[in-house]
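Across the two complexes that follow, chain A remains constant while its partner is chain B and subsequently chain C.
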Partner chain A sequence: MTVQLPFSRPEVRHEGHLKVTGSAKYTGDHYPPGLLHVACLSSPHAHALIRGVDTSGARDLPGVHAVLTGADIGDVRFGRFLRDLPVLATDRVRFIGQRVAAVAAETREAAEEAVRLIDVEYEDIPAVYDPREALTADAPVLHPEAAGYLTMRGDGRELPEHLNLQGDLVAGRSEEEMASAFAAADRVFEHTFRTPRQHQGYIEPHGAVVWFEGDTCHVISTNKAPFTLRAHLATATGHPAEQIVVYNRFIGGDFGGKGFSLDEFVAFYLARATGRPVRSVMSYVEELSGAGPRHAAELTLRTAVSSDGIFLAHSADVVFDGGAYAAGKAAPDLVPHGGLDTMSAYSIAATRHRLRTVYTNSVPGGHMRAPGEVQAVFAGETHVDLIAGELGLDPVELRRRNLLRPGSPAPDGTGAQSAAGEVLSRAAEGVDWATQPTRGRGTGIAVYRRKGGAGRGGVVLRALAPDRFEIVTGAADQGAGTVTMIARVAATALGVDESCVEVVQQPTAVAMFDQGAGASRVTRVLGEAARLAALDMRDVLAGDVLAGAVPAGAVPACAVEFPVEVTREAEAPRGEASDTFGAVAVEVEVDELTGQITVVRAALAADTGTVINPLSHRGQLEGGFAFGLGAALMEELPVEDGQVLAGSLGDYKLPTAPDMPPLTVINVGDTPGPGPFGAKPVGEFGNLGVAPAIGNAVARAVGVRLQQLPLPAEAVWAGLAERA
Partner chain B sequence: MPDSGKRITFTVNGLERDVVTAPARPILDVLREDLGLTGTKEGCSVGVCGACSVLIDGQLMSACLIPVGELEGRAVTTVEGLADEDGRLSAVQQAFLTCGGFQCGICTPGQVVAATALLAECPAPSPEQVRDWMMGNLCRCTGYYSIVSAVLEAAAAGREEPA
Partner chain C sequence: MRLFDYHRPTTVGETSALMAELGDEAALLAGGTSLMNLAKLGLAEPAHVIALRDVDELHGLDGDPVQGLRLGAMTTLRAVETSESVRALAPGLAEAAHHVATVRIRNQATVGGNLVHADPNQDLPPMLMVYDAVARITGPDGVRTVPVADMFVGFFESVLEPDEILDSVSVPPCAPGLRSGYLKFLPRTQDDYSTIAVAAGLQVRDGRITHARIAVAGGGSTAVRCRAAETALVGNGTDDATLTAAADIVPGLLDPVADGRGSSGYKRDMARVCTQRLLQRLVAEGAA
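Presenting the complex of A and B:
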């Protein structure tokens, strides 16, 4: 793109003033008059039958307005695709942390006290925690009634070969084709990798404020997809969608987790039972034990390589621990799809992937910043370094020989306009790859490709005056800068100053449909809708009204009668190629006495197309890098016999300011993306290559190779001891 | 209400406040629920994340940990008290805005209050001092780079324009 765009000027976030003054109102900041507080009772058993629930003590407590159990509301199930999760358990609990009863009371203290007074009689039944064990013939079956489960489409689904199988996706060549490709190769390498459950770690827990006005149910929610939430609430409760209004403005962090709702459903029933507004906000204990963390995974990768280091065939068998319910996954296959991206930055003639998700008696898995892909890229990029080591090739050189590139693109066209090679070189240069590090230090690299998300959304653009425009969107902004992005795109397409455009976020009852934030789709879809609407508006207003940039305040003479309104939708098709490539290179220092890893410096090179919001773009890359650093070095949600062992953000460690190494962000290439003015997806991008780059650097520094995450000092130390 | 009925008098952002409540309630709940000051956020609820950072007699504290009974006669400053009477942003708030020192913004009130406390104590901190001080305020969005820049910029602005 050689078009001169006004995007190089750093943006000031339109909502920034509200955020730095504490005036931005998040879900939990709403306390409507008459509000009742919600607390929920969770199961302390991993797998048990419910024999009886006595709520009399809770009901008698002063200040308590309602106590609901599964017996009160019936077997009501919900889920992002498969509706297998009960709002409140009826006859059986399947994980520690599953909700069994809910209370609405005058104060938070009274609600919590009432929960303590509920008496549940459980009968333990055999549980299964290991996904491979769960797929054996005599494993306890978690969902004997699975045949009756419905999807969000209202239909059933074909039952898998084992009832504990949530999802089973096979993609690529046949087993026979793969066998012959492997048989013909000079070398075949196989490695197995393990990655843990990890929590999204947003600082704002899930929550909802719900009330009824007549038959209309109003919902303020942390959910990042208001229209989808409305559909889910309607489907689960039977309440008509047109009588549900979802409001959504500020969301305190998402990282994949805020597409999955829990509180809205109990709050719906409690608000209906009490006739009062209710506020349900999860505690962080509930967050860590029940809110849809990243799936733990075991990945076995096989790659056939020619003697000159060309990848000929690649297969991956990925088993995800799905936990007790599939409800947290949005895709019909019920697998974290990014598992397909083990080696998707490379040109490989024959590939085959099998992804399985398995029911176990632990916290249900959900989406977390590039679901499945984080696990896949860690495995794939570690696998590539292991192969380089076996072949005696430099890891950068082996990657260069195999990257997708013009002339050698992927079947879907990805790579045809790729700057992947430059991305790789620039990241390597960022840590002086060619220079031999000192003892105890090493450099490591990882390269990856990011696909964009599919979806649809629309905006309403109103010209209120020749220099005053309003854009109405139903999108929530989970922090990435949606509002500012829409304004800048529209202003550019209109040819007016950004200060002439105001973006207004409206509830589902007013705004046009939007599929919600997620899969890095917002700029692609809503930015494009805003651009198309602005072009239509230019046609309506005619050239003379909008000739050149209109200075704010200057009103040219015109014949058009204001306001003028246009609406536009945009849709990103499934599987759209975006040629978005990234590479992370790091230099680490390993303390050979303790095994402690310190990242000394890092470089992140990104081919992410036209940058619309420079500060936010940089923020996504830097924040993504930090997210990847946490996942690499410290984050694990340990589970023992179904019990999550991290009870607070004190136990579940997130990176802090002193943990961050100097980071060079390098914007590479000007290959256009599918978004407005050539933008590309960037939300789930900066975190992808960090863990393999660090693991590869540790191996090159001290010869200790770790094939699981995180990479704690203890494991490095054990490796060092073994080596000595 | 159980255990109600103690009158506690303190100032919040310069205004005298008088609440009758159970003295064991966390300051955070009193600020948000009784006084309508929802700028101070609740994240982890155990004093780890820093989202509820406030100043009590100028000292940086986690409002989720301190019972309101401890406040008698003391002065609380929250994020709502940092801009001046005309609504002009403080140097720290302004720097967070121009440096892009936030994304979702849920931790921002706590970050801004913590940075204000640092610059009151140490008007010209080194980058390392900033990083160490801000360790008590988790941010999941930014990776901290723009936050550290914002605090350093606020310090520089403060040196140019002494209050």
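Presenting the complex of A and C:
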């Protein structure tokens, strides 16, 4: 079948009208009759035993319908993989901000007032905040009961060598093989890098509205994976999954943070206790101090290099600060996997990575746009520039000698389709790499490979009439354009106009299973399911109605009886070839008296395959760049002795439109991806190379090298003073 | 946020009576851009909120070259930014107002609220100091005036007594030929409080500086007028050495607090750099 792809036409968002007119209802917009409001009491202690909780004052307050503590609901734990986080703390709190009690009342104000009247007696116990310290023999153990923790699979897990270890993943060659590879090399370079906790920065806070009808629990939620949330709720509460219905259409921003939820769990118990619908929406203080920020990391990279600048061996030891619970991580290894991608755009014969995540008495870490990769690519691409400097090689040239290319794939065989060389060249050209910048200015570059994630999901496609199709999905749209993408793919595969296809988002009780938005898999999985369903539909309708484009108004006579329904699932298997290569080049100007970094122009070259939604694709790349710019220059969730010091997005600064430099987006390569019509993942992509490119540019402009994020003006200023 | 009773008096007298009756349970609400944020964070929990929007006496922006400017306390920062009178009589004030937050916030935030909040990082106070502005304060015993340069006591604390209302700010006619300007140093994002901000005014006659004002925001617990640096300018030429010598004095007059925007030492040095750059800019503009 040959299809003329109509994707070059900029899309019109199917949900756009609802959003710009304010008619789109988000979770917090739902106020079912009889609604009660939730407020939670959070621990002010980083590590303490709970000696007693007195809720009598709160219970007596007018308007209060229920006050629950850990003693009321029992030791109920949940988590995306390891269920270590209590819905409400029972005997111990492990971070400042952990929920200890929850109130449902007629108004949010009454609920908050009741929270103030709850009296908790704590006994402080020694806390540990530094991951390396937490791994010492006499460090306080956060989870002495870890042996009893269950995973989402229902089993326990093998206990690590130190109880404060959440996850410990080793990948690659043996230590002995690495030792001999390093011993044989001309030069060995080692550098250590640090990256901070960061908040995802979505504008809509987490929230949920929960109510019971008989034994059925209904949940409207900001969670971007309705089916997974249903499983988590069912597993934690023991309520049967088939009696939980999760609704979700619109999410006000995600950036990785909306796969992990807290509110649904307390709301479940409060709705059950009161028999009323309850609404729980996080305040920004709660968001910043407990919603699962990016893991802070310390990364030590070692690379063995031959005298002619060929990378022979590479190892990375990465320690992530996991915070007080592992619940925010979805992968069974309990580490942010992207940490493996320190140098994944290069062909290196011997590599070894050790990623550890450590319990500390701080806010638990979660997922944020390219979890682990952001830390790894900053470290790796800074490391490469440091090596280039030591070898006296141009950073682009050193990269070119080592990149994955058709004749030189990675040891695991991937990367043979590499467009790495092309993205590198095009990004470099975008900032006139060969031209010597003026004083105080410099260019910097970073190149990377991003792999899409595994997962599965399905759609139901119904032909209602020859020119009317409906696709039912259980996916939420976190703003990235899921609904429009599904419609465009289906319309294209059907060979009908996009206006003939309506995408209907249905709750978990109605829709086919979908793993949810995450790991940049939505277009790959749901787009492919929609394409396959459309091909099946063509087979059913072939010859009757779909011989050509359906002329408007002219319904051909046919033998098919409508409606016709087909269902299809698609799955992205773990480890499939889904490589997407990117390169970012920037030119910065550094103010030599203040240290202020201004990015004066930037180029992002992306090998992102077939583009389905051109505006959203560009939005993902430009937005990704802005996201990376924030991570590079300003974003750090400050934590002192376990206390998050930012209480609002006024304190936690994000970049805004005036901060964006002129950005050239360059689409390169024609290697098709695994998605429908050759699409590739693009969601967690544009942000990856920005910080190392800027750091590299600053070093080339004024000779100040920073090995930690963010890159504040003051650090550059201090570096300049040191050099003077 | 805690619930509160909302009052809407229509005169200053009525407002004062309410304040006397409600005491420290009450908070005055002008534009709400600070109070409501504090309330949402639980840092202010007034049982009563007295809204000033209907008090006509507090509104109004008048200006003429003889009398100078009178900014009613309820004048919005957007009005200060866009007013023809302000642009003609005190252009530096319009420039400083332009740097406050966003248009949406400037449409809401007021001159009175901005001053009484006494946030040391605000943009308007140092520029009001450069223009020798005077605050007019009404209390139970009558009216008093306090130069803006003397009205701040500490973090979020001004000379106003709990029973007093700031009703307007006067800006006297400025020195003839005064060039004024504002330099807000924003090293992170353009949407931020300053790390340090400098306001300055220079009058130059026959190549000599005859009048100088320098004030700094973000350099300590209050905005500060830097009189010693001003003195170092007056009577001298506009050469770089003079400007540098004056700028070098500024850090010693400050006591900045370390925070997410920078260490104390960094802020001191940035005050020096920004003062020097701003003075150079004003001199260059005068020469052009």
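The criterion applied here is as follows: the second predicted complex is superposed on the first by the 713 of 724 C-alpha atoms of A that agree within 3 Å, B and C clash if a C-alpha of one lies under 4 Å from a C-alpha of the other, contacts with A are read in each partner's own complex, and residues count from 1 in each chain.
Basically, a residue touches a chain if its C-beta (ideal position, glycine included) is under 8 Å from a C-beta of that chain, and two chains touch if they have at least 3 such contacts.
Bear in mind the structure is a predicted one, so any value in this text is a computation, not a measurement.
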item: Which of chain B and chain C A:S306 touches, first, second, both or neither; value: neither
item: Touched partner set for A:S180, first chain B, second chain C, both or neither; value: neither
item: Which of chain B and chain C A:S56 touches, first, second, both or neither; value: neither
item: First (chain B), second (chain C), both or neither touched by A:L593; value: second
item: Contacts of A:T656 with chain B and chain C, given as first, second, both or neither; value: both
item: Contact breadth on chain A, by residue count: chain C or chain B; value: B
item: Which of chain B and chain C A:S648 touches, first, second, both or neither; value: both
item: Partner chain(s) touched by A:S408 [first = chain B, second = chain C, both, neither]; value: neither
item: Partner chain(s) touched by A:E109 [first = chain B, second = chain C, both, neither]; value: both
item: Partner chain(s) touched by A:Y26 [first = chain B, second = chain C, both, neither]; value: first
item: Interface residues of chain A shared between complexes with chain B and chain C; value: 107, 109, 283, 648, 650, 654-656, 658
item: Residues of chain A that touch chain B when the two form their complex; value: 10-13, 15-26, 28-29, 31, 62-63, 106-110, 200-205, 250-255, 281, 283-284, 478-481, 615-616, 618-620, 622-627, 648-650, 654-658, 660, 663
item: In the complex, chain B residues that touch chain A; value: 1-2, 22, 25, 29, 32-33, 36-46, 48-49, 51, 78-80, 82-83, 89, 93-94, 96-100, 102-109, 112, 128, 130-132, 134-148
item: Footprint of chain A on chain C - complex, ascending; value: 1-3, 37, 40-41, 185, 187-192, 195, 260, 262-263, 266, 269-270, 273
item: Of all residues in chain A, those that touch chain C in their complex; value: 107, 109, 112-113, 283, 285, 593-597, 633-634, 636, 638, 645-648, 650-651, 653-656, 658-659, 712-714, 717-718
